[in-house]
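Just below sit the structures, each encoded as structure tokens.
Next come two complexes built around chain A: one with chain B, the other with chain C.
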Partner chain A sequence: MEEIYSVFAQEAREQLTAMEDGLLRMEQGDQDAETLNAIFRAAHTIKGASGVVEIHHVEKFTHILENLLDKLRNGEMQVSSDMITALLQGCDHIGALLDRVDQGYMDEDPAVAAAGEATAATLRAFTGGAATAEQAGMVEASVGTVERAGGDTAISDCWHISIRFGRDVLRMGMEPLAFLRYLLNLGEIVHLTTLSDAMPLAEDMDPEACYLGFEITLRSHATKEQIENVFAFCRDECDLYILPPNSKVGDYLNLIEHLPEENMRLGEILVKSGAITQEELDQGLRRQKAAAKIAEATEQPTPQLGDILVDKKMVQPEIVEAAAARQKQVQEKKTAEARLIRVQADKLDQLIDLVGELVIAGASANLLAQKSGQGSLVEATSVLSRLVENIRDSALQLRMVQIGETFNRFNRVVRDTSRELGKDIDLVISGAETELDKSVVEKIGDPLMHLVRNAMDHGIEPAEVREAKGKPVKGRLELNAYHDSGSIVIEVVDDGGGLKADKIQAKAIEKGIIQPGQTLSEQEIVNLIFEAGFSTMEKVSNLSGRGVGMDVVKRNIQALRGTVDVKTEVDVGSRFIIRLPLTLAIIDGFLTSVGDASYVIPLDSVVECLALQDDATRGHMLNLRGEVLPFIRLREFFDVEGAPPQRENVVVISAGGQKAGIVVDQLLGEFQTVIKPLGNLFKHLRGIGGSTILGSGEVALILDVQALTQLAGQAEERRASPPQRIGAAMLSERE
Partner chain B sequence: MTEFATQTTTDGALHLILDGPMTIYNAGEIKEQLMSGLQTSSILEIDLSHVGEMDTAGFQLLVMAKRESMRRGHTLRIVAHSPAVREVIDFYNMDAFFGDPMVIPAEH
Partner chain C sequence: MSNLVKAQNGAVTAAKSTGGGDTHQYLTFTLGGEMFAVGILNVKEIIEYGNLTEIPMMPAFIRGVINLRGAVVPVVDLAARFGGKISAVQRRTCIVIVEVTQEDARHDIGIMVDAVSEVLEIPARDIEPPPAFGAKIRADFIAGMGKVDGKFVIILEIQRVLSVDEMALLANVNQASPSDPEAIAA
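What follows is the complex of A and B.
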């Protein structure tokens, strides 16, 4: 796909987000005119941009949206909740159209088009339905102008456009017809007069020159700027005069004065097109003559008709407003541009890659320096490695984005879902400025969405139930984010009914996830909701039953090397806590070795290290201060050749609330680990999450802690009979 | 490119048939044809039913021909319009200027 389209889609999406934000704010009672203006500007920008890249179906649809917004902005209509719903649907549709553009198709998807028609019809119904209101508004507006201008306003409620095309327009490949036809996009051409007075006699007429001029009456809600923009390409090649609706008669007379054709003829045209009445024209011309006489009498140079008639009051407030808004917009854009630089994501990735290499090279230099035993060299390399670490941190910082954008999407989700469910739910967001890696942000959206929907559907009770329980009728959903010791924590909190342990236990037994009579702690029971094939809701609602359960949420989060926990209290609410690493590219690792091979265990999952004592083990279980710990011997697991050393070590790791031991030969200490993904070939390899390169240039494998703890548990499970889960296995071991 | 055919009708009018586009690309040629038509006969009938495309340059030539013929006190009639021609004249709101009856096909 050409770059211009992807840039268009991206920028349009930003505008769309701005629109959605504004609409939601308006729904919550934001009456600020600037909010509405911002929404309108966003819609207008999308329309303009889609016109430029010639994706006309987007342009067409946005135009409908813009019409309604314009009416709202002009105060011709009052905003209603239904209208906002329709406008939001409109935004969604534009989003769908943009998706299509992103996929590289410039045409409209027929399926999407049908949905768009329905939305367009809804939007049009609002504008159409307000026809009477519109007329009322117009009368009001014109009355207002009369007051301001002192009673000399022409009758016309239309724009008047006078244009004389330059001689070379046609030769330059521009087609007046095209510009004029484009006006139809802005409104209705009520009257058009073609003037060919400039054309010389046939003998002298140059067939390739343009001699035409036009007087156009346009009924439109467009701004002066929009109309001017229609002629932007030929602006230098033509004389263009635009008079706003309800202009003073004087303005028209002034216009007549400025145009090349004979005054009376132009006057007739204006009268014919309905811009001014004959009487107004006569009056104006009489006054002009009178003024000329006075001027003669006082021996002053004849004032121009315009000087007499144009006075400050005559400039319509809309024009000033539009100009001011435009200026502000330009300013805003400039400051925003100064603060932000758009960088291709892959350039950034490349930088991170290079920094990763630098870290590895630095580690290698460090190693050699230490081996050499030269004090000054060691010092130099340690300074170097400190700087490299700083560079690493700054480079990773570049990829950090605020989570706020992701959170804000949920405003819309909560709004729509709560309506669907008939519940009144407030969304409270905190810590929106918390930053995390862009790739994490992209992937956390789906699990979060599921948790939020779940909280609204299953968590927060219907209003009657809440009232009966003495809780506030309005439900409350919180999205929090904060940093906590090298990881980021995202919480989804609801003040709903909480998870009922007995119900979960019964369900788990029914589904065969646990055995009847098995004793589990409350927390263990609650965590069962993350097991595959678990759902407590009897009724399959529109929201649940999407084929995605909590187990998928858990898996998705684990794929990001994160964890998810739930804390719940009956009738008070539930709190889902997602803990994620700050970045996916570089981690602090713990280096171990088995035989000649090195393995890295992510440091944040290491609980403790101890020497393996044979008398403390039983099968694949270890007695850790009275606690039963399943363990895996890496030597066996990876079939490493050679005999184990006399003293083996155990690294106790914890993942997803489970602990396990990993038996290795040697502990080598902390290690800055640059994660290199494994190729597709190794995709199905269990227990290994990636690879890294050591300072010595050797490759070390990074252990997938999550998978290993599961494997440790399952290995035990296979041995235990009848098949039981880890919890049960551990319990039987204890007995 | 545009082809021209002329024939003289029984009432002495010159019948000029234009077949092809009337655009800036052949404006010079068309102007010559129209001028020679105007000089040949005091009644010029122009058949535009085969004009597939018309732009502002083409339209201007019609205006020029009409004006020139009026200046000379001659008669110029456009006896047949193609949809493209009709559309342009319509848009420019010049039907009255030419004063020719436009035949609007039934399907419109």
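What follows is the complex of A and C.
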């Protein structure tokens, strides 16, 4: 049962996102009927689904929302900005209700309910106003009502199946009952009416012929195709009509006309089975037929089919159009479903874990094969390892999701926040199709939210200030994503006032983060905003400026093995650059060793390798084709025991835009590295990004080269104050 | 906050090991000539010492990590953790894999001991509360003093001894750098 609710909540959330997207687009002036239809469909799906899982308060609330949307869709009302705000609030409320469902409560939270009541009242106010208008309009515009006949949706959430078995079915050795039994495999038969109207008088009856027909109401999650397949064997022998759940009343009426039995009788069956209500049937018939005859119609036993056929000509185009549209919709949905499979995330994680083990085992087999020196064995294992590599890549690909979904959430955030702040801000998104690991995507939302809000609150100036500065009045906020050498870069760019170094410095001194006499470069000062307890805005708003800002952002990003930087220019704007690893599970590494220990350097950051020539070095720098390259002796830095070998090697790495060398004993070559986190005990450890298990079963450490160069710089700095070595001073300058 | 959680955890284990009047089983081992015990329920397995990978820039009591069937498990030198010297590897040196629970997360941690002795049953009535001082290790590391054959065995409060938060903080101080505000806060 639990699972049903979580699936419901998840699917409903997706629909909510679709609704929100559509509403925002409408607000921006999208007049497309399809947009409105999409919003309506989403609301309707939520309503239907909540009815199925019997969470009635969600159903009730969505119904109110749907009413308003229906009015909009029928052109009875015009969209207004206030209305969209109310609808968005409605979405939020549904979201809150879903949160509650996620927590495992089926009842309504009283606090949320009160808020919902207010929202519902606002929504009803819109519908109420329109209802009177509608009544007035009804008299004049009968065209409008015809349209509604097709547009109205019957409340039934069940499939309706009409089947008339052919005369020869029994003769061909098929039994209708068997089909019905089989139908039970797909779902629950809510209502079934046997039609024996075709049965002739006893003397004319052929005992071997089948005269039966059935009207079935089926509650099922099966697709139309699946239901059709139930009757596949007798398909040619019988008349089969299937109506999907929530079909339009018009479709039911259409069905009634197509079936050979008397219309009223069928109508009654439909009413009895709960597919449509009596009122809907009456209304439908009234609309299709000439007016005013309803009372007699229910009593009149046999309204002539011809009558309706005449009317049909009038109504048909609309119904056909609606039906065709629905058919197309169902088809589109079906193909979309076929392309996507919903898989539980932990199953995927398990697969990735297994692939990780496979990679390790493969490496160990490779090692043994090479030791054995058998050519054919080496060849076989190398083929194997290539395949494993492919499997690894595709497995990791499974977890990749586009960042667009995360970005799109900010449309709403920017809209709401800019209203709250009274600023006019445009959000420009680029690189939405950039893919990154799902686990990263999940965790990047909060830091991004903080940065976006900060940029809007503190970054972008109020309109009058912008005007005075000669900038466009409308603020601009950009969210960019792109791949850059094995990592993904996400940027939050604003064209606001930028960060003022002197202000930051003053604040930092006031807060005791730095000492008054300390000389810092401009970049270092700007980076102070990432320190704990730092907030420059004098005025504390409810958006940001509570002093729990940037340091949390930085820590969250660091927890993902990422970095955050800021580039800023006064009066031009700021650019926050987040750099994240593509995946948290497996990387291509470069294996090196120092003494007995092995270290893996992420291959993406490796530029080249060379032998260390003592005469080319000076302090901790070397001359790389005329370029000054600072380097770190891992042996010294990690206090590895033992004397260095005769020949040492330098791995040239590039991290965060700067190059550095790492001096190791031996280069062991490329290595597929399955990252094993080191656990909480080592959470403060910098310079080491994780660990991996080598083919030999030994644990090797993965270097976090960027943190390592920073650490080295800091260590030198501490030692170098007062400066003792030229190299140290130069290094700290580079930092 | 985290202290509070720790205290609660400690209380739970203490109640488990001393409460009731039932008899609990303890794994005893020696460390620097002294006898210690941990509740057997915390112990997952005992393995031979070896194949250890050292982690640089960590305090001495964290010896390194081992590969335990595909999982990377840290190994703590208990003697060094108690403030003594780093233990030398001997013929009978073992790693006892212990499971500790911290803030709802379970961690496997290896502890390095000089030799594993036996599994003992110690009835609750034979367990004395820890002395305020004199045991040479921090009082909050001791769950109780078990009487076995007229001698005292120190029953360790293993959740406290292997408190991941505390050890991580110590490790951080070791690597303290001015850019990390937490080191200063701690």
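Throughout what follows, the second predicted complex is superposed on the first by the 409 of 735 C-alpha atoms of A that agree within 3 Å, B and C clash if a C-alpha of one lies under 4 Å from a C-alpha of the other, contacts with A are read in each partner's own complex, and residues count from 1 in each chain.
Everything that follows uses one rule, which is that contacts are C-beta pairs under 8 Å (C-beta built on N, C-alpha and C of every residue); 3 or more make two chains touch, one makes a residue touch a chain.
Everything quoted here is computed from the prediction, not taken from an experiment.
In the superposition on chain A, contact is made by A:177 with chain B only, not with chain C. By the touch criterion stated above, A:205 is placed in contact with chain B alone, chain C being left untouched. Partner contacting the larger number of chain A residues, of chain B and chain C: C.
Once the two complexes are laid over each other on the shared chain, residue contacts for A:194 go to chain B alone; chain C is not touched. Residue contacts after overlaying the shared chain place A:614 against neither chain B nor chain C. Once the two complexes are laid over each other on the shared chain, residue contacts for A:502 go to neither chain B nor chain C. Comparing the two interfaces of chain A, the one with chain B and the one with chain C have no residue in common.
Residue ranges of chain A in contact with chain B, taken from their complex: 170-171, 175-177, 180-181, 191-194, 196, 199, 201-202, 205, 207-208, 210-212.
Interface of chain C with chain A (complex): residues 51, 53-58, 62, 64-67, 70-72, 74, 102, 105, 107, 109, 164-165, 167-169, 171-172, 175, 177-183, 185. Residue ranges on chain B touching chain A, taken from their complex, read 24, 27-28, 30-31, 35, 38, 55-57, 60-61, 63-65, 67-68, 71, 88, 91-94, 97.
Listing the residues of chain A that touch chain C in their complex gives 357, 360, 531-533, 551, 597, 637-640, 676-688, 691, 693, 697-701, 710-711, 714.
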